[in-house]
Amino acid sequence: MGKKMLFMLLLSLLLFAVGNAQTPLEEVLTDTTGPPVPTSPSNVYVEDKPDDDGHGVIVRWDLSPDDGAGMDNVLGYEVYRSDSPDGEYSYVGMAIKGSDEYEDQDDSPIKNGVPNPDFIETEKTYYYKVRSMAAGGIFSEHSEIASGQAIENWFHSGKIGILVGVLIFWSFVVYFIFKARGGKDFYVRPLAGINAVDDAIGRATEMGRPILFVLGTGTAGDIATIAGFTILSRVAKLTAEYQTKILVPVNEPVMMAVAQETVRTAYLEAGRPDIYKPELISYETAMQFPYVAAVNGIMLRERTATNFYMGVFHAESLILAETGNIAGSIQISGTDQISQLPFFIAATDYTLIGEELYAASAYLSKEPILVGTLKAQDWGKAILMLLLLIGAILISANLSFIRDMVTVNI
Amino acid sequence: MRKQIPIYFVFGSGIIMIVQYFIPSEESDWLFTYANDWVIVVGIFALALGIWSLLRSEFRKLKDPKERFYAAVLLFGFFIMIFTGLKAENLEAGSLMFDIFENVLIPIQATIFSLLAFYVASAAYRAFRARTVLATILLLTAFIIMARLLPLGPISEVNQYGVAWILAIPNMAAKRAITMGVGLGAIATCIKIILGIERTYLGHD
Amino acid sequence: MTFWDKLMNIDRRWVYLCIGIVVIIPAIIPFKVPVSTTLEVERIYDFVESCEAGDYIYLGIDYDPSTLAELDPMTYAILNHAFSKDVNVITACLSQFGPAMAELRLTEVAQQYGKESGKDYCFLGYRPYPAITILSMGLDFQVTFPLDYYGVPVDSLEIMQGIRNLQDVKGVISLTAGNVADFWITYGNGRFGFPLALGVTGVMGADYYQYLQSGQIFGLIPGIKGAAEYEVLSGFETTGLRSIPYQTLSHGVILLFIIISNIGYFASKRKKRT
């Protein structure tokens, strides 16, 4: 298999070289003088691949003098590996001309049920040699042998920027939570969408029609869906108090289980566990548009007075919102899906934009601790704005250290 | 106690997954895969629950004259797809299941998607009115973007520049701002969940 | 209710009727609308055009039937373009409900050019978890897909000899209607740095211009308009270009209704003032 691949590779390289040199294939094949042999790469050394699970090394070398200069006939480099300095070296891969490194990495000891020859063991010394390759299957001598080991790393240095950012933000959150616990009252700007929740539920009660709560087409693990659950909890509590029916059709079974628990507890807290029925929260289907058909059907048949759309939405947002409009419902929407926000803004009465959806639980509960986290967000935003401004000015002056500082190398 | 255990569990797994993100080692990879496998396992068990709930509610609806028809259609479709899909080879072209998929499901989905064309028109008619300065900006922007599809001769040429500018500058600026807000909001929500401050998703305050 | 008020409160069913009528017109009286091309689509066309016979491209048919109206023309145009230039096409589907549909499209175009599966193109099939699948394909196709869609071992396919992973293809084009596009950017281009282009629905289009600007994708085909542009450039006319008259007329009607509602709004406001 390896040999076959090598052959194909050489053949394709040969064809590539032929194509590049604009020389007919026959001429190359019948040329007996032979092209000149390129010089080997030098100063080969092997180092551990940083920030990995200990199954990768990087082989580096200085370019052959004939790569891009000299005879300029180098097409690439072949890398060979062995377990011992004098053992049999096998081909592991190639790098194209102009590149001075090759990453040898494989973390599967078994492949297709048989031991994987490409597997790199942690902390085992491997020996490498490299040779240059020219058109027509001409190779240089092998370079000197270099050895190295793959080491398992316990911290990803490329993610240090994220770590610093997370730590700063966490300290803000913790600081503001403590401040809030100490009795500090934070001001948050009013959100029309949140203020309308009570009225919307009141309206449904007066009309004697049910409330529809749509958690979107995301999964139970999406932050927007979790934010949807927290709003559902408040809404369900109010509907239990007012004895108004709430319908929660969902498109994911896990979401159904969580929503049932959320609504059941909300009814319990409102002192009305007797009117809770698990079928208020129903699983419809996992497919997007069949789900839309199911929800639209509920809207039109039940003539829901108020519709909430809180969670992750895709192309269905406008279809749902316009159907709700036809049914004459008051509609409050919230999503973090930027492309769907315009549809919700155009077709529903109130829209919570992105982070406002996440903040809704703090607004609805008015708990100082939750409101405190909103303040932390504001500070986080202020820092981001400052970084953006300074970064933009510096990068305009060709100074890239702010950019480098925040760049994540995964 | 019933309230405490899930919160400890969330705290523990949240912190472990955060730490895992910064560790590239093999053990950390294994942990990540293991945690994700759990998500799949939970999903499969929940699917059984979901189907059970669906069937129970639809069979109940069969008794309601108002809902009977819809429930019957749903149950018919449900069982047809299960029976035609029981054999593995039924997933190939030419089988009954494949034909239903290709000739019933695909057209129905495309039909519902195409409702968007009508709804975009009615929503645009209602929403795009120059009531305020901001609404006027929204209206003009919508106008420029939509007019790019009309063959207006030399106006189209000029309009292309307008479209490109709107998409690349104001559109991008607004989107990035919202994305950053969403990002911070998401981290804040996660912290609240991990620290047990936000627990409504567990079914209680 | 005055005439001006009525202009502002036209029953939505009239709007639907007008849209319904104008989307039928091009079907009865076919006509063509000139399509001007944009740089983001031209770049993808130029990329495929620059491929030589035997080069590899990866085409991700990562959508499902619900969005085929917008994305199918892109699939057809790119496949036609690539096969006509004898470019080797590797495809897979990262959308749960898409593989059967993707396979149909692929074999349909391949047959027109007498292309053989496993030799001139291959369809690897579907794997869940797009992020992990992309990361894994970036290292080794064979690990991600030991067998292709038809159950043939991938390492035995003629087309796969001389190619190991996504880093070996000349470029990747993913046609998608969901967050798979983000995964391609983050885990594909971000991790492996291969040239990436996207074909997305019209609605999603505006979201991905930022990645063009940052160079994370080299081209973008947004919706039917983009697909039609690609058809104009490549000369393979399918449903993209044929859909443009429908789009033009329906957009015209929407603009007309917006104008009507604003005339009604301003006239009734003036009347109230006087």
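As written, the chains take the letters A, B and C, and residue 1 is the first residue of each chain.
The criterion applied here is as follows: contacts are C-beta pairs under 8 Å (C-beta built on N, C-alpha and C of every residue); 3 or more make two chains touch, one makes a residue touch a chain.
A quick note: this is a predicted structure, and the numbers were derived from the prediction, not measured.
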{"item": "Far-end chain from chain B, centres as C-alpha averages", "value": "C"}
{"item": "Comparison of B-C and A-C (more C-beta pairs in contact)", "value": "B-C"}
{"item": "Interchain centroid distance [CA atoms averaged], chain A/chain B, Å", "value": "16"}
{"item": "Between chain C and chain B, distance of the C-alpha-averaged centres to the nearest whole Å", "value": "19"}
{"item": "Sequence positions of chain B contacting 2 or more other chains", "value": "109, 112-113, 120, 122, 124, 126, 128, 175"}
{"item": "For chain A, residues that touch 2 or more chains besides their own", "value": "287-289, 315, 338"}
{"item": "Numbers and ranges of chain C residues touching at least 2 other chains", "value": "12, 66-67, 206-207"}
{"item": "Chain B - residues contacting chain A, complex", "value": "18, 21-26, 28-29, 39, 42-43, 46-51, 53-54, 56-57, 60, 66-67, 70, 108-109, 112-113, 115-116, 119-120, 122-124, 126-128, 175, 178-182, 184-193, 195, 197-198, 200-205"}
{"item": "Residues of chain B defined as touching chain C within the complex", "value": "36, 91, 93, 98, 101-102, 105-106, 109-110, 112-114, 117-118, 120-122, 124-126, 128-131, 139, 142-143, 146-151, 156-157, 160, 164, 167-168, 171-172, 175-176"}
{"item": "Residue numbers on chain A that touch chain C, as the complex places them", "value": "1, 4-5, 8-9, 12, 15, 19, 105, 108, 111-112, 287-289, 314-315, 326, 338-339, 410"}
{"item": "Chain B contact footprint on chain C (complex, rising order)", "value": "8, 10, 12, 15-16, 18-20, 23, 33-34, 36, 38, 65-69, 100-101, 103-104, 129, 206-207, 209-210, 213, 225, 244, 247-248, 250-255, 257-258, 260-262, 265-266"}
{"item": "Chain C - residues contacting chain A, complex", "value": "12, 52, 54, 66-67, 97, 139, 143, 146, 155, 161-162, 177-178, 190-191, 201, 203-204, 206-207"}
